[in-house]
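Sharing a structure here in structure tokens format.
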Amino acid sequence: MEFNKAVSDLAVGDQVEGYYVLGNILLKTSSAGKPFLSCTVSDATGSMDAKLWNYSGPAGPGDSGKAALIRGEVTSYNGNLQFIIQRLRFAGPQDDYDPAALVPAAPIDPEAAMAELEKYAKSMEDGDYRRLCITILDRHREAFTRLPAAKSMHHAFLYGLLMHTLNMLRAAEGLASLYGEVIHRDLLLAGTLLHDLGKLWEYNLSPLGLVTEYSTPGDLLGHIYMGAREAENVGRELGIPEEKRTLIAHMILSHHGDPEYGAAVVPQFAEAELLSLIDRIDSRMEIYAEALPQTQPGRFTLRVPALDKRVFRID
Amino acid sequence: MEFNKAVSDLAVGDQVEGYYVLGNILLKTSSAGKPFLSCTVSDATGSMDAKLWNYSGPAGPGDSGKAALIRGEVTSYNGNLQFIIQRLRFAGPQDDYDPAALVPAAPIDPEAAMAELEKYAKSMEDGDYRRLCITILDRHREAFTRLPAAKSMHHAFLYGLLMHTLNMLRAAEGLASLYGEVIHRDLLLAGTLLHDLGKLWEYNLSPLGLVTEYSTPGDLLGHIYMGAREAENVGRELGIPEEKRTLIAHMILSHHGDPEYGAAVVPQFAEAELLSLIDRIDSRMEIYAEALPQTQPGRFTLRVPALDKRVFRID
Amino acid sequence: MEFNKAVSDLAVGDQVEGYYVLGNILLKTSSAGKPFLSCTVSDATGSMDAKLWNYSGPAGPGDSGKAALIRGEVTSYNGNLQFIIQRLRFAGPQDDYDPAALVPAAPIDPEAAMAELEKYAKSMEDGDYRRLCITILDRHREAFTRLPAAKSMHHAFLYGLLMHTLNMLRAAEGLASLYGEVIHRDLLLAGTLLHDLGKLWEYNLSPLGLVTEYSTPGDLLGHIYMGAREAENVGRELGIPEEKRTLIAHMILSHHGDPEYGAAVVPQFAEAELLSLIDRIDSRMEIYAEALPQTQPGRFTLRVPALDKRVFRID
Amino acid sequence: MEFNKAVSDLAVGDQVEGYYVLGNILLKTSSAGKPFLSCTVSDATGSMDAKLWNYSGPAGPGDSGKAALIRGEVTSYNGNLQFIIQRLRFAGPQDDYDPAALVPAAPIDPEAAMAELEKYAKSMEDGDYRRLCITILDRHREAFTRLPAAKSMHHAFLYGLLMHTLNMLRAAEGLASLYGEVIHRDLLLAGTLLHDLGKLWEYNLSPLGLVTEYSTPGDLLGHIYMGAREAENVGRELGIPEEKRTLIAHMILSHHGDPEYGAAVVPQFAEAELLSLIDRIDSRMEIYAEALPQTQPGRFTLRVPALDKRVFRID
Amino acid sequence: MEFNKAVSDLAVGDQVEGYYVLGNILLKTSSAGKPFLSCTVSDATGSMDAKLWNYSGPAGPGDSGKAALIRGEVTSYNGNLQFIIQRLRFAGPQDDYDPAALVPAAPIDPEAAMAELEKYAKSMEDGDYRRLCITILDRHREAFTRLPAAKSMHHAFLYGLLMHTLNMLRAAEGLASLYGEVIHRDLLLAGTLLHDLGKLWEYNLSPLGLVTEYSTPGDLLGHIYMGAREAENVGRELGIPEEKRTLIAHMILSHHGDPEYGAAVVPQFAEAELLSLIDRIDSRMEIYAEALPQTQPGRFTLRVPALDKRVFRID
Amino acid sequence: MEFNKAVSDLAVGDQVEGYYVLGNILLKTSSAGKPFLSCTVSDATGSMDAKLWNYSGPAGPGDSGKAALIRGEVTSYNGNLQFIIQRLRFAGPQDDYDPAALVPAAPIDPEAAMAELEKYAKSMEDGDYRRLCITILDRHREAFTRLPAAKSMHHAFLYGLLMHTLNMLRAAEGLASLYGEVIHRDLLLAGTLLHDLGKLWEYNLSPLGLVTEYSTPGDLLGHIYMGAREAENVGRELGIPEEKRTLIAHMILSHHGDPEYGAAVVPQFAEAELLSLIDRIDSRMEIYAEALPQTQPGRFTLRVPALDKRVFRID
């Protein structure tokens, strides 16, 4: 009996006990008329189908996303691994497990990353943009640190928003220097730091912090509007001049580049244009980083939904 | 010498004095090397090209849109009427003229229309939507009454926003009753009343109240975002529940129906869907009302830019 | 044993006998090699999967859509209800059952609705449009009353065409009065009454009157062309002036608004433009009315195919 | 003084008298205040700008497209030839001139071409399609012979419809033989012969037979609908079976291939698909034939409006 | 026991031995935990699902597309035929079977077709185009003869490229004669003969010559680029003038007509334009030829993927 | 009399002699019937309309783009400056003038820039990509240094291709380091360095090196195809493995990102994807750099054709 063995290491015949996340919980009836529970068992390293035979509750779909202490055995079904659960108990406050081990997380040190983010904010010479960024970070530090940047597609893991924003700031710093003739560095950095601010209100989260679905305001208003509104409201509160608030709000509203991709307005000055392209670069590079491990060198992946095409892994 | 003769009544040979609006002012040089002023002379009934010979200032392009007392004679040039200005003085506070006679205005009584608008607001049984609408009307009464609804295209005249909003409320009232099974009347009416609220900040106006161009926030943020933001901010101030604020903001954000036409999000509930269609109906009907007088019964107009097609006037 | 119990009221363990419609009839073989019949059992209130074990005919796919007297028991399979048929006999002329109870129907009184439709027709002051509408209604009264307005999407039930046309006439009456300056009421009402006339030839119907598939002319010519052709032919026969026939035909040809949605030409006068928007309003409102009951207040539906989006049911 | 000299042969200094067509007639005032008539002078070989000084009527825009007996001199203005008219009289019944010399015509013998068209019609083994084609040709022989196939773009000359239809029949004959496995020759030929039938009612014509503008039914209904309607009505009158009438009507309705290009429905059987491609081939080849003479071998033309691109003339 | 019985002739109960192609090979586990092989058994006449019970290798997915000698019995499963394999051995060099009987092939005599292709090449009066075509045919004769023209969609069988190219040459010959005024016959024929040349490098082939998937250069570069490059390189080697090489390369690069369909540039001279339309005709006619046998006269097919629509089989 | 005074410094009344470029040369006739030459006079700093009265040749349109020694005076016409040429002689080999002063040039030191480009090439650790880049630079050093990167839009000046390529290499270096997990630096740099290689054959140049129009291969084949072909041919000659040649060719073929923007294929691996975004960034930033000086801070430009929108210059 191994304890907390990583899902990616499980093999047929393993006897396992440990804390895992149960997902997609469904109560079903077998062809023989017996009730059973069907779900997935996952941790930060992967996911596997699972069954708990002769089970009719109390666990149900509403418990999806929760951590549980389970015991069981790994078998094979139709060529795929399947976890046969023998005992199941959802974790409570008294349980001593590492949440970070149970859900996928960005490959970064979140404290160091947040510190670097704040260093970018403090480096702005323009006091208005600096105060705006620092104030917003101060108010939303924890959520900004932990939030995934998406429900699926890319960066859909803990610290995803932080990783995405930080990578974009690094790219922005370099490109601001290269195109110094047309780019106001502090404006570009402030717009970059705040561009996905509205995601703080866009999602409903699972107990362990992953996105389960869009929140009602997320669906009805979208993060683009909510981010611009929040940046403007905080800016007004801080006495930031209207023109600067308008510039920041424009960058947030236009950062998807094209109305077809959700932009409320098209980018109309150089910093907004560049922000929308940096966002596209970081999204695309992360999509490749997540897709390429799924195929062999010299081969194409299956169709990648976030790109709507197959992509090639160079030998 | 006739005084304040309507532009639409002017004919070759008329000797005229009166208050008119000068537009498109340019300072030019004739082929003989003489300086002259080229402009348009207009009032609420129409517009005519004009020249002031041997003139090099001080009037210039920045005076376009101002009222002036002018004297001159109507001549013909290349088959079109042309006003030869002999004397020109811009109107000041001491001048006694009727601004309403100088710019086109909606064919409505603005006070009666505003009263009807408020009656719709007060008729709402839902106290939240009612307070929101009444508060916003109270704060912006004058601007909401006078503003054109566009720079060109349709409703580009004084009281245009009021006329457009009121007509839509009348249509909304009738359709809410017809589709009572899926439409919450007060929500539809509140969304209709507020849908173009953001236009209050979208334009720069001429001295006499017409739209000369978009304001910087109008260009960079758009009336859709600014209207939703204002409605939400006032709603929060009034203690309106978040869900209702979200519904109103969604209706404003989605009232253009399709991202291709400027919607920040697509309509996602029945009242938002219906609002976007009522807006289309009122816009289209007004475009026809403005276009059809330009052709004869049984004939097609020239291409109407706002529709991107020629339209037929029934015999 | 209950008789003719509504499908929406059936529960596990019910013993039932009654008249129901059988749909999607397939003859299959079980994994044990036994023949059985798989189908749906439905009435106006809903539908349920059903099985008739050890059955190899004579019923087959060609009997789908027919009423039958069946006896059996309601069971549960994989969490869903399943009707186990024990006896089955298709209904013949001698059977005494209410067809209206077996297929979904518009929530209207068809006779009163047809009377209201005719009142609109008779209210036209223009004798040409009046005669055209009344003549066509007279010739096709029964089909016009009973026909669904679609195979799926919306109004796909008995009296659907009548309900859709009548609702649009009511909206047209109100909007014609609001936009009296540009709208000729009788023309708008005549075009509205006749706009879906071609649907009379567009479908093949099940024995109980629902649309099973498009007819060959429905597929190859479409209801838009067939409706315009019929209106013109009847108009010529009645001596209606060519220009009026052309206006009516244009309204039918253009009522989908855009070639992308099937319009043969784009609307080119105000009544045609308004008709296409009223059609869109009534279609959309009915889609919401059919979709919202499928979710809870405060929640989104699944993707609605007819709208290609999820929609929100307000709390 | 030369008589009826071809416009394409005129040179500076020529003294000319003869019958020409006047087009784009406008009455203007010179900068010196003198009235004059501005127009074009054209015959089948080309067109030239013209002026008639000190003229204020009675000729006016409504006379555009008429033949006139004119006398004058060819001069040069700004590098282009200009015809200075000295005398002008519109031609009446007593005038003896050759209309065919005055307007561009297809480079075919119209009688021989019509005979070949009828030979194709008579060659059909299917008596229904044969009767339908022959009857329609008999009823509209003269219009079908003389009509241009367009207002501009391509085939916009006398006999244009005939030339276009005949070329397509020749191509159809060859391709029907090549794809005999899927193509019913008689159906393809009948659809081809009748595909532009509706053009007989689509245009208003100048006195000499060119298209001046769309007719009201041409604009509001389009030739596609009118052609299908006529073919169906004649077919019904002749007792042609409904299925065959439907096939022919479908081919006419779908021959533009795509709703974006005006098709009322998309082609749904092989003959309709092939017809739409033969139509595209003949249109494109004629556009090239008309465009290439406007440039030198080895050079590109200016943008060709009918193709929305520049095209290359091979050396 | 019948030997090599055609798949399309197999019926329940047949005892069969013979050479067939195995496709979609998968190793699975039954619900009873027993390993088995699932695959298809096919020859040139059709395909059927098959099972080999209690089999765990050595055959596997990598053997898909190979010929094998199999013995077994035809049964029925869920209404479809199923081949139960009893013995299985992949064919080796010593096996005496007819590969042409095992995979679908174009209904042409490949030698006669290739001879006709060469006759077209030799018939060119322009020595440059003639040499280019003959040289390329000489170098790639075998591949050009055997290659399918696609992985699926149309012409996805042996000799498909040859059949497609030859049919297009026949159509090109006829149309070049009809449009001799704008079409240079030899250029049209050379471009037609070479238009799909790049397909020689676009696919990976199964042991029996069908396309299994795109090659890496096929995916990354596409046949359009590779064909133009090859034609240019051979042309340079042969000393063909640059302008002619450019014309041929342009025809290859543009033969899909529109960038949306893969064209690298749009057709810019008449021969390229006509080639793209002939390609469309031959593709469409073949799609109909392959689709229509799947339905009854007077009925529509299911949606045809290559056309994205259902099509009608005329009675 | 000033000599070689910069066009941007010229003012009314200046008497000037010097070397300038004449553009848009046209021979016209005045309203008084006198011949004159109309053209532009330009140098690297700007352009001005010019007239040479009473001139009928020998200079003509074919001399546009040539340097000339001219003498004359600056006057004002209709509010704009106009150069009245008094003497004109085209420059020949004996003339001593600085071509670089006569045409706009990138604000870079071309030798230093080319040296930096080569440093990037030499820095590649992969010998294949390094040899390929260095060989191509060696063969085309002068053209690669001097060529503009466009006819208009952006970088349409001397050294434009070099400046564009170098800026992209700098951005690529930074981003390759940021996204090292998915980006092979040498491949990205090689693709970047070679992406616009085909422009060497895409243009016809004026005597002083600006693009006057597309070459025939430029129009018929495009730089994307020509660049990939050249890179592949040189690569084959150097013995570079086929897979690497394919990767480089793919990056060139796909660098416009989308077929709608001219890409022959869509980017299918990470380096190609990133290259297309770096290209977009550098193009956009340069368009802003060229457009913003045309307006005041705090104002919008006129519509920028290369962006199809107006853009805002931040205060």
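Labels for the chains are A, B, C, D, E and F, by order of writing; each one numbers its residues from 1.
Everything below uses one rule, namely that contacts are C-beta pairs under 8 Å (C-beta built on N, C-alpha and C of every residue); 3 or more make two chains touch, one makes a residue touch a chain.
Nothing here was measured: the structure is a model prediction, and the numbers come from that model.
The minimum number of touch steps linking subunit C to subunit D comes to 1.
One finds 45 Å separating the Cα centroids of subunit E and subunit F. Note: centroid distance subunit A to subunit D, computed from Cα atoms, is 63 Å. Residue numbers of subunit D whose C-beta contacts span two or more other chains: 216, 219-220, 243, 247, 268, 298, 300, 310, 312.
Checking each pair of chains for touch leaves A-B, A-C, A-E, A-F, B-C, B-D, B-F, C-D, C-E, D-E, D-F, E-F. Within the complex formed with subunit E, the residues of subunit F that make contact are 216-217, 219-222, 224-225, 228-229, 232-233, 242-243, 246-247, 249-250, 253, 259-260, 262, 264-265, 268. Across the complex, subunit B meets subunit F through its residues 27-29, 216, 219-220.
Of all the residues in subunit E, the ones that touch subunit C in their complex are 76-79, 298, 300, 310, 312. Residue ranges of subunit A in contact with subunit F, taken from their complex: 167, 170-171, 174-175, 178-179, 181-184, 187, 243, 247, 266, 268-271, 273-274, 277, 280-281, 284-285, 288-289, 292, 298, 300, 309-315.
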